[in-house]
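Everything on this sheet refers to the single structure shown next.
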Amino acid sequence: MISDLLSNLNWGHYNYWIIIVLMMVGLYAVIARGNLIKKIVGLNIFQTSVFMLYISLGKVDGGTAPILEEGLTRPFSNPLPHVLILTAIVVGIATTALALALVLRIKAVYGTIEEDELEEADNKTEAEEAQLAADILGADDNRGGAH
Amino acid sequence: MASPEIILAAAEAGHIVTAAAGTHVGTHGATHHEAPGLLDIIRNNLPALQVLVPLTLAPLITLLNNRNLSWLLAMVGTSVSLLIAVVLTTQVLDGSVISYALGNWAPPLGIELRVDAANALVLLIVAAIGTCAAIYARPSVDKELGMTEQPLFYTAFLLCFSGLLGVTITGDAFNLFVFLEISSLSTYALVAMGAKQDRRALNAAYNYLILGTVGATFYVIGLGLAYMMTGTLNMADLAQRLPDLMGSGTLWVAFGFITIGLATKLAMFPLHFWLPNAYTYAPSVVTGFLAATATKVAVYALIRFIFTVFGADFAVEAQLFGKVLLPLGLIGIIAGSLVAIWQVNAKRILAFSSVAQIGYMLVGLGLMSLTGLTATMLHMFNHALMKGALFFALGAVMWKLGGVTLDKMRGAGKLMPWTMAAFVGGGLSLVGVPTTVGFISKWYLLNAAFEREWYWLIAILLITSLMAAVYMWRVFEVAYLRPAPEGVQKGEAPLLLLIPTWALVLANFWFGLNATTTVNLAETAARGLLGLTGGAN
Amino acid sequence: MNHHLILRVITKILIPPILLFALYVQFHGDYGPGGGFQAGVIFAAAFVLYALIFGLDAANDVAPPHIVRGFTAVGWLLYIGVGVWSLFLGAPFLDYSVLAHDPIHGQHYGILLVEGGVGITVASTMITIFNYFAEHGRLPKEGDDD
Amino acid sequence: MTDFISTSFMEHAVTILLFVLLAVTAIAVLRLTNLFAVVMLTGAYSLLSAVLFVVLDAVDVAFTEASVGAGISTVLMLATLSVTGWRRKVSSSSNIVPLLVTLVVGGALLYGTADMPDFGDPNAPANLHVAPDYIKGSEEDIDVPNIVTSVLASYRSFDTLGETGVIFTAGIGVMLLLGSRRKKKAATDKTGETA
Amino acid sequence: MTMFAATAIALMVTMLMALVRLLSGPTVYDRVLAVNMFGTKTVLLIAVFGFLTGRPEFLDIAIVYALINFIGTIAILKFFRYRTLGASTAELQDQEGAQ
């Protein structure tokens, strides 16, 4: 059965399979890891793997880099994915820089960069706020009832 | 489905390049040797100028680095954009399509800007709310941010604004991603600016950034797969090539990833986690602007992909409408409204109500009919008006009282009658009281449900409207029926806060009473999206 | 005692070639791999190297932050300016063909200017970002008043 | 001609080996708890992917990935670590939901590969539709040998305009986020900075 | 051609070995050295690959790698030694001397 499966697989797609695995490793790091920096690293790996997906779809077997040169007989690989990924890399570093700046601020203000601790701190503030509001409004109600 | 026929919008849109792909036409070399008049230039390049004006002013603000000038330039940028959006809208109101080839490269080769009724409507929303937000920003930013940061703030605001415009106007799928990222990155920074008031803004911005980036990356993956199968990135060209590939597994996956990516950006129900916190803790002006525009633009992008690029047939085949958009939209409406009822922070109430309102738009799509799509387009416009008005009013309350938790808002109706009157106006519209825009969009939604004879849906829509009345009432009750805390002086927010707020409130009633213009526009847009105009089929 | 002498000397020797290499990448981008973005990053890398070895203050004396900050906008405005220039010549936005009498020359000018704009923005933005990050790391940990 | 075939074979062989290295690095990044090591490994991942890009003929992309991914982003991460510390807590929360999400997403993508054109197929739609026009036009209309440059800066120059805008936006965002404290500091110790 | 191919493979094997050292540590210096070596091998691999495919003019990229590798290593070492990237090395050394 396994040999059936293997012979049915199109091995011309091996690059995509590995790239998908790499992408998923990155995605998993983004979702599962509680450390803010680790999440950013995961995001980087996720994005870099997507870049590979694009670049490998433009590759032509036996082709060469799309830079014109006298006397070249080989075909050129597709330049368009390269252009797109150049843009995407820039977007990636821009996002990383901004995310790291946010992490620096979070560390300065909260004193931690672990997600669960941040969540705890936020939930605590929220509960206090709700309690305060309920108290004040409730006191109002009582006074209103006494009248 | 064939792409809608390109109709040259009169002689003005002289730059529609009709040359065959691959040949570069220097049309202008011979005829225009003398510099053409300024007016001609403006008239010929409206689609480009729509994005370009705010985009140019943004770096200029940083360069000048002056607080007063930056506000002025932001005002100029947004209002000129509004003017251009109005002109563009009048040009496409008859169902025509304006195509603008950047760099004079014929579309699949170069990048194309494309204006039809659907994105003219969204351009109008973004530009109008942006103008209001720019006026509003002056006192609000003075209060909530440091003085030295203001030029940077206005730069980021204009970047966000032009990013949203760019996403809306572009006809190229990858270009959409680039502008999406400009708007998203500036949004993350803007949301984080709320940290001066409440540190939770930082955490909210971070979570938004992570989720938003994952969403954008999903979009890029989907687009990559679509490109792999077709070899093109131009939306119109994609639309032409995709029908031949129906049934290809890769394409299903591409469609799925693009949908999920955009659904993250538009805060569709299970992917909405970033929204409530981001809207609650962002500075007031940012909340107002984003709540009214950012999600609408993402909804528009989704609509564009569903109807124009992949085609309604494809989406029906994928069971996107019945099995995804409709149920998730409904859950979003119910869950959003339910959670909103229990909040103690008025901004948070409105944020969860936004999740619910996005649900209405998705339900409109899920109804799979011309009326349903019209209702969605209408609701995009109307929801922008009401959420803009409501959040701006809350920002004015915040300006005066320092917070918008319910306990702080006690007696606000007596303390600042004009502001709270505006809030009530917006609230009525949100609930869907007749004579407001909220009623109009609900009416069309009900009609669409009625056409399908889905009476259960009508019941749900009515019940959720009641829920909206409940959560709005909680704010009204606190503001009007309770005494103000002692020691707070009566007094209004500054005029620059009230003017844009009231402008939006009045627009709520104006378009509620004279709905023909908006309904026309929405219906033209819906017809265009479904390919019913121009006899192109 | 001065263990870092080698690093300091090597850095001083290395920085001019790095800057030169950045310029080469910038202007050779038409013929080989490279272009404005890569050149900008390499240019910024030279600054980072200088700041790492000689300290941020010394590096800021070389490239004053407020001026670098202005250049982030200048580069982008240059890019947009090229597009607007073509508008004034009666062509669509970013159509370089009209920039010179011969469309191909026009394209060359356009690409050169545009890549220059990208290079300026990228270099100055990267330097600015590094500046802010390194500066933040030097601040005392306590006493954050947000 | 034999030369030609062996080149293609070598390309595949090197690609596979690089993929193995990449996979090892990625999984190591996931497992390590020392953030300092993680950052270094991310740099290595970036370098490796850049080599892969060279092998796949994307020299411009390799150039950028090396300078950005391995250079700038490593330096920024180190700057962040110098403030936040480098030990990460081993999280105790359940990993089942993220694992499920990842598996579903990955499964969907794997399903999607079935209909894809083969790796390196010169007749893939992507290589037939617009790309040949770029290659031809770059020679005839623009006359710039580097096709990537001509597409980037002329055909799709609006994208690049936006890309520059993205970088600019990131700069503005970082200044907004980290700026206020910096100013305060400059105000308090004027003595240190005489410029 | 075969020579280049063999060299490429050999380089990748050494890269793998460096990677193992990078993963297992145990000290930071091991890791830094491993990263540095990894970078050097990458530079060589690119150069060899250029000749392998007959387009050696892309050596530019190898130069960038070498450069980035140098700066990266300095940043890592400085970070590890002083926990800051901003201060000048001379200043830091003076501080150390004072302590």
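Couple of notes before you dig in:
Order as written gives the chain letters A, B, C, D and E; numbering starts at 1 within each chain.
Keep in mind that, in the parts below, a contact is a pair of C-beta atoms (placed from the backbone, for glycine too) under 8 Å apart; a residue touches a chain by one contact, two chains touch by 3 or more.
Computed from a predicted structure; not experimentally measured.
Among the remaining chains, those touching subunit A as well as subunit E are C, D.
Note on connectivity: the fewest chain-to-chain touch steps from subunit B to subunit C number 1.
Note on interfaces D-E and B-D: more C-beta pairs are in contact across B-D. With every chain reduced to the mean of its CA atoms, the largest distance from subunit E is reached by B. Per-chain CA centroids place subunit C at a distance of 20 Å from subunit D. Per-chain CA centroids place subunit C at a distance of 24 Å from subunit E.
Taking the mean of the C-alpha atoms as each chain's centre, subunit B and subunit E sit 47 Å apart. Averaging C-alpha coordinates per chain places the centre of subunit A 12 Å away from that of subunit D.
Residues of subunit D found to touch two or more other chains are 7, 11, 59-60, 62-64, 67-68, 71-72, 75-76, 79-83, 109, 113-114, 116-117, 124, 126-127, 130-131, 134, 141, 145-146, 148, 152, 154, 156-160, 162-163, 165-170, 173-175, 177-179, 181.
Those residues of subunit A in touch with two or more other chains are numbered 23, 27, 57, 64-65, 67, 69, 80-81, 84, 86-87, 90-91, 94-95, 97-98, 100-105, 108-109. Annotation for subunit E: residues touching 2 or more other chains are 53-54, 58, 60-61, 64, 68, 71, 75, 84-85.
Chain pairs recorded as touching, per the definition above, are A-B, A-C, A-D, A-E, B-C, B-D, C-D, C-E, D-E. Those residues of subunit B lying in contact with subunit C across their complex are 15, 24, 26, 28-29, 31-32, 35-36, 40-41, 44-45, 48, 52, 55-56, 59-60, 62-63, 65, 100-104, 195-196, 199.
Subunit B makes touch with subunit A in their complex at residues 174, 177-178, 181, 185, 188-189, 192, 195, 199-200, 202-203, 205-206, 209-210, 213-214, 216-217, 220-221, 224, 227-228, 233, 344-345, 405-407, 410, 478, 482-483. Residues of subunit E that touch subunit D in their complex: 1, 5, 8-9, 12, 15-16, 19, 22-23, 25, 28, 31-32, 35, 38-39, 42, 45-46, 49, 52-54, 58, 60-61, 64-65, 68-69, 71-72, 75-76, 79-80, 83-85. Residues of subunit D that touch subunit B in their complex: 108-109, 111-117, 124-131, 133-134, 136-137, 141, 154-159, 162-163, 165-166, 168-170, 172-173, 175-177, 179-180, 183.
Looking at the complex, you find that subunit E touches subunit C at residues 57-58, 60-61, 63-64, 67-68, 70-71, 74-75, 78, 84-91, 93, 97.
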